[in-house]
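Below, chain A partners chain B and then partners chain C, in two separate complexes.
Showing the complex of A and B:
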């Protein structure tokens, strides 16, 4: 109603709205410029990427992406000429720089590792978190408060503080450089967050829903599945994003515990720089592709995320 | 449909006894209301019948079968919650059909049953709507639909009208009773609202502190309250009490209150001298200057056809319901004439009603103390 908004003492005035808008736009620009720069760099040629003054307008090239996905060897022009015609754009570009494609790079398997480990650990953390949150929310758990505090206390120190013991433990257990080891580790870090966040959400779902379902002929598990879970999707989505962002971006443990088969993208991307000079477009291409899954996931769930991070602020 | 028999039912949460030694029988097809202030154990009793709480002791028989320790889903009962508990992620049709889905009923049959039920409740035009957009009364009907669609042994309702607006509530009270008259389902209904209880119930149990104070028809409970608590809880304004001392002998027809002789229904038991109370419903008081029982007008509440008059007596204020036409001024001295046939007598110490001629026709009006 116009009457209430026009004279409201609670609603911000037009001026303060304008100032707030300006601050938000400025902050958004500052945040987005590095990302745009990375995106632009990924489409530059290596000379353009290090040009001074920096080029804002340039001829786009996918050389960076070619370099990201391949390994190349330098050859004499005679040898290159002796080869047949180039088999694609990448082949052609590489030959112009007196190189031939020797094979695929490790980027794709590293990226797949990241997908498996991040989504795997997110799934485990959210799965365990939902069940324990439900348990804490609905049943009389002995020492529930102490247990919840203990779960929270696992986050009192940065996870990396226990890196050395974990490194030694993983070596003994044969979990070093395995996807399973990384999934277990990220799950362990995330599960406390998941339990706490989800308990808040599940507490807000009246237990009458399950009681109604159980009276209507369902088992508790069925009631949980059919009445609690659908209403907890907001919380689950928000929790999943938080867990995924941590697992996806995690660098320190990944650098320490993975080196070969289970290496994730974060420790791999910086190593691109060392292969055949400072190949900034390839690094930028790797970073750009690395951003895509989390971006897509967040955009898909952004409604839930927004409701999720403000949950409990306003009681219905 | 089935009868519900509750025997020596008891529930304790740690040291707190929520329900103690409850005994009652809800006959097949009866509308039974459990009435009492909040925290009196009525909801706990209902949840034990439903299987949502397990009793500390006693038995619950449903249609002759002992279900005391059975899981809720094995009891074949339906429950209507105060907050309705409609699933927000399902539309009206799915909400009503949800209990049938649990039984693995074929979807075509679910469809017909849901439509039949919706028609009965006059919500068939809402079947494909989302439940979150429904008005209070319609949400209530959907909740009822989910309960009756399965044709269970009995219905349990926990203050189902508690969250509705007054206008909806009056409508739903009427609809609920009408629905009951059509399908004759054994119903246990919990409320703290005496008007709901009086207007719907075949039988009422009045509970207080985990104890059933009285079990009987609305008329019995109103006319022959078994305890002072019941007398005080039922009626608006509640029953007035005037204290008097001395014992009562079997056959006595008169007592002395504040120096005035008051005729009472013939006493049917001997009572040793103790603090007693005379209970008078406000509508059983007339103003009569010839009466020796006197008081001063303290204030009046005009209600249209009647008025409630507060009269200050030597034993505190009592309220009378008299025709609205009578002109009264604060401070006026009046004599109070009581309708002798309708008076109750109580033992103040135990709160228990004294047996009098009023009880002659009653068989179930007694309190069931534990």
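Showing the complex of A and C:
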């Protein structure tokens, strides 16, 4: 019937492929430079990081990572000499700058907050989203289209506009600056994405599986549990990763509604300062640690990305 | 086949038994499954929204909770429409939205069009290009501040190296005329891949036989592009443009960390003004009214967006 691609009259010529490839590779390389630069900066010493001209070749150091995880105080050389031998690499590096480690920094607790809030809200959003998506997919729900639009529209609310009443509400309920408050909020934002994405995935699972299971004596609930859920695993996993990325990256709510105990990493990283301005190697180190999970997820998700960013509408 | 069997069995089963098999009725189960989500959204999104509407008619200030709250009627809305600062913020937002969308659509579509040539290794390079859009806008804004530093920043250094302008005079973030462009550059860097990915889906949705027919009719490449490629990819381009439009209209995190609205208020987009009014000046009633106005605008756009989504879905 139709021509095969090998002999197709419309296949791009070898030459046009080569030019297209060259332009795309050039764009990809240029667009990745800022990220490589941050990665490189995280292994520079503070003087190297602010050298002019910017240093491309440098002696790698983990001082940035040391500074990220510790707080330090300046001491006199006499005091430092009176201390015992340095314990560990960080201690040694810090002493060269006439400082001693005073204690751990807030980075680790903030990072842990990010983990708890991201995983907690993702679990809740995917749980609620799976149930709702199944409901919308399999049953005749009155006003289904309006409800689905209502669910999606909540995701488009400007975060600062929502934050004003949420701020007051959380103050009344004692949820300000708590992980529970943030988990509830992120669940509400993510559940809209979860419902829309999962509805697409569940729509693709043939109803016959459940019907067969129900003939075998399963109840609707058992059929959902034993046949639909196992079939939807890929979709649920992809949805969970999208929710996780949103919660992990979120800044506006976190900056306005948390200040201490429940603060996540995004509002914390910009506040890392050294002596005289931002401690760029430490900021870069924090940024690197924060971005690595996202890089891994992007690679895992690359086949589902399109679906995720269009709320399940475009499938490929 | 199986479907019909199921129907037959269902019809043959006596009603009470059928109920027992299903456990809960389908209608009950549907509501049981859907209501938790609806309740959560009512509690976390709709209830606060109603509260904000109420506050927008008052002079309430969140930093003085014990003061007597006065009802102002529509005074807050009237003041916003007459407020010079609000109009400047809306202009700044419009400038930002217009240029980011224009640049992202042009570059994004071109990239998609090139990737569609399916050169060797295109999948790998596409994934690499997609990385920036997955990152946290706040963290991105913060590290671009480093790249924009005069002299020591990589961006400033490369620009001065290429153009020969002395490195100390490239002040992307503190120069009044450059600062609006600094946020446009970062946003374009970050979100062009998003537009590209959706355009790519649009290009791939065009069936090959249309091009074959055009080839048979000896339509030129130029003609094919304007009469087939562009019109058929257009719904997808619109989808990307609408979504980026909504997102950039309410842009907050990246700009807040990159310039904080400065220098002065040259990059103060609507969300930054809202934050300053609500959480720095603590004019809660006034800022709620502004929030409601922004929300209505976004809601209108979202409505169009969902229609566009459904249109693309039918393809």
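In this text, the second predicted complex is superposed on the first by the 276 of 316 C-alpha atoms of A that agree within 3 Å, B and C clash if a C-alpha of one lies under 4 Å from a C-alpha of the other, contacts with A are read in each partner's own complex, and residues count from 1 in each chain.
Here, a residue touches a chain if its C-beta (ideal position, glycine included) is under 8 Å from a C-beta of that chain, and two chains touch if they have at least 3 such contacts.
Computed from a predicted model, the values in this text were never measured in an experiment.
By the touch criterion defined above, A:239 reaches neither chain B nor chain C.
More residues of chain A are in touch with C than with the other of chain B and chain C. In the superposed model, A:216 makes contact with chain B only, not with chain C.
In the overlay built on the shared chain, the residue A:208 is in contact with chain B and with chain C. Looking at the shared chain after the overlay, A:139 reaches chain C, while chain B stays out of its contact range.
Using the contact criterion defined above for the overlaid structures, shared-chain residue A:227 touches chain B, although it does not reach chain C.
Shared interface residues of chain A, touching chain B in one complex and chain C in the other, are 208, 211-212, 214-215, 217, 219.
Taken together, the chain A residues at the contact with chain C in this complex read 2-3, 8-10, 12, 16-18, 20-21, 23-25, 27-28, 31-35, 37-38, 41, 49-54, 128-129, 131-132, 134-136, 138-141, 147, 149-154, 156-169, 171, 184-185, 187-188, 191-192, 195, 207-208, 211-212, 214-215, 217, 219-221, 245, 248-252, 255-256, 266-267, 269-270, 278, 280, 283-284, 287, 290-291, 294-295, 297-299, 302, 305-306, 309-311, 313-314, 316. Across the complex, chain B meets chain A through its residues 50-52, 71-73, 75, 77-79, 81-83, 85, 87-89, 98-99, 102-103, 146, 150. The residues of chain A lying in touch with chain B in their complex are 206, 208-209, 211-219, 222, 226-227, 230-231. Chain C makes touch with chain A in their complex at residues 2-3, 5-6, 9, 21-24, 26-27, 29-34, 36-38, 40-41, 43-49, 51-52, 55, 62, 111, 114-115, 117-122, 125-139, 142-144, 146-147, 149, 151-154, 157, 167, 189, 193-194, 197-198, 201, 204, 208-209, 211-212, 215, 236, 239, 243, 246, 249-250, 252-253, 256-257, 270-271, 274-275, 278-279, 284, 287-288, 291-292, 294-295, 298-299, 301-303, 305-306, 309-310, 312-313.
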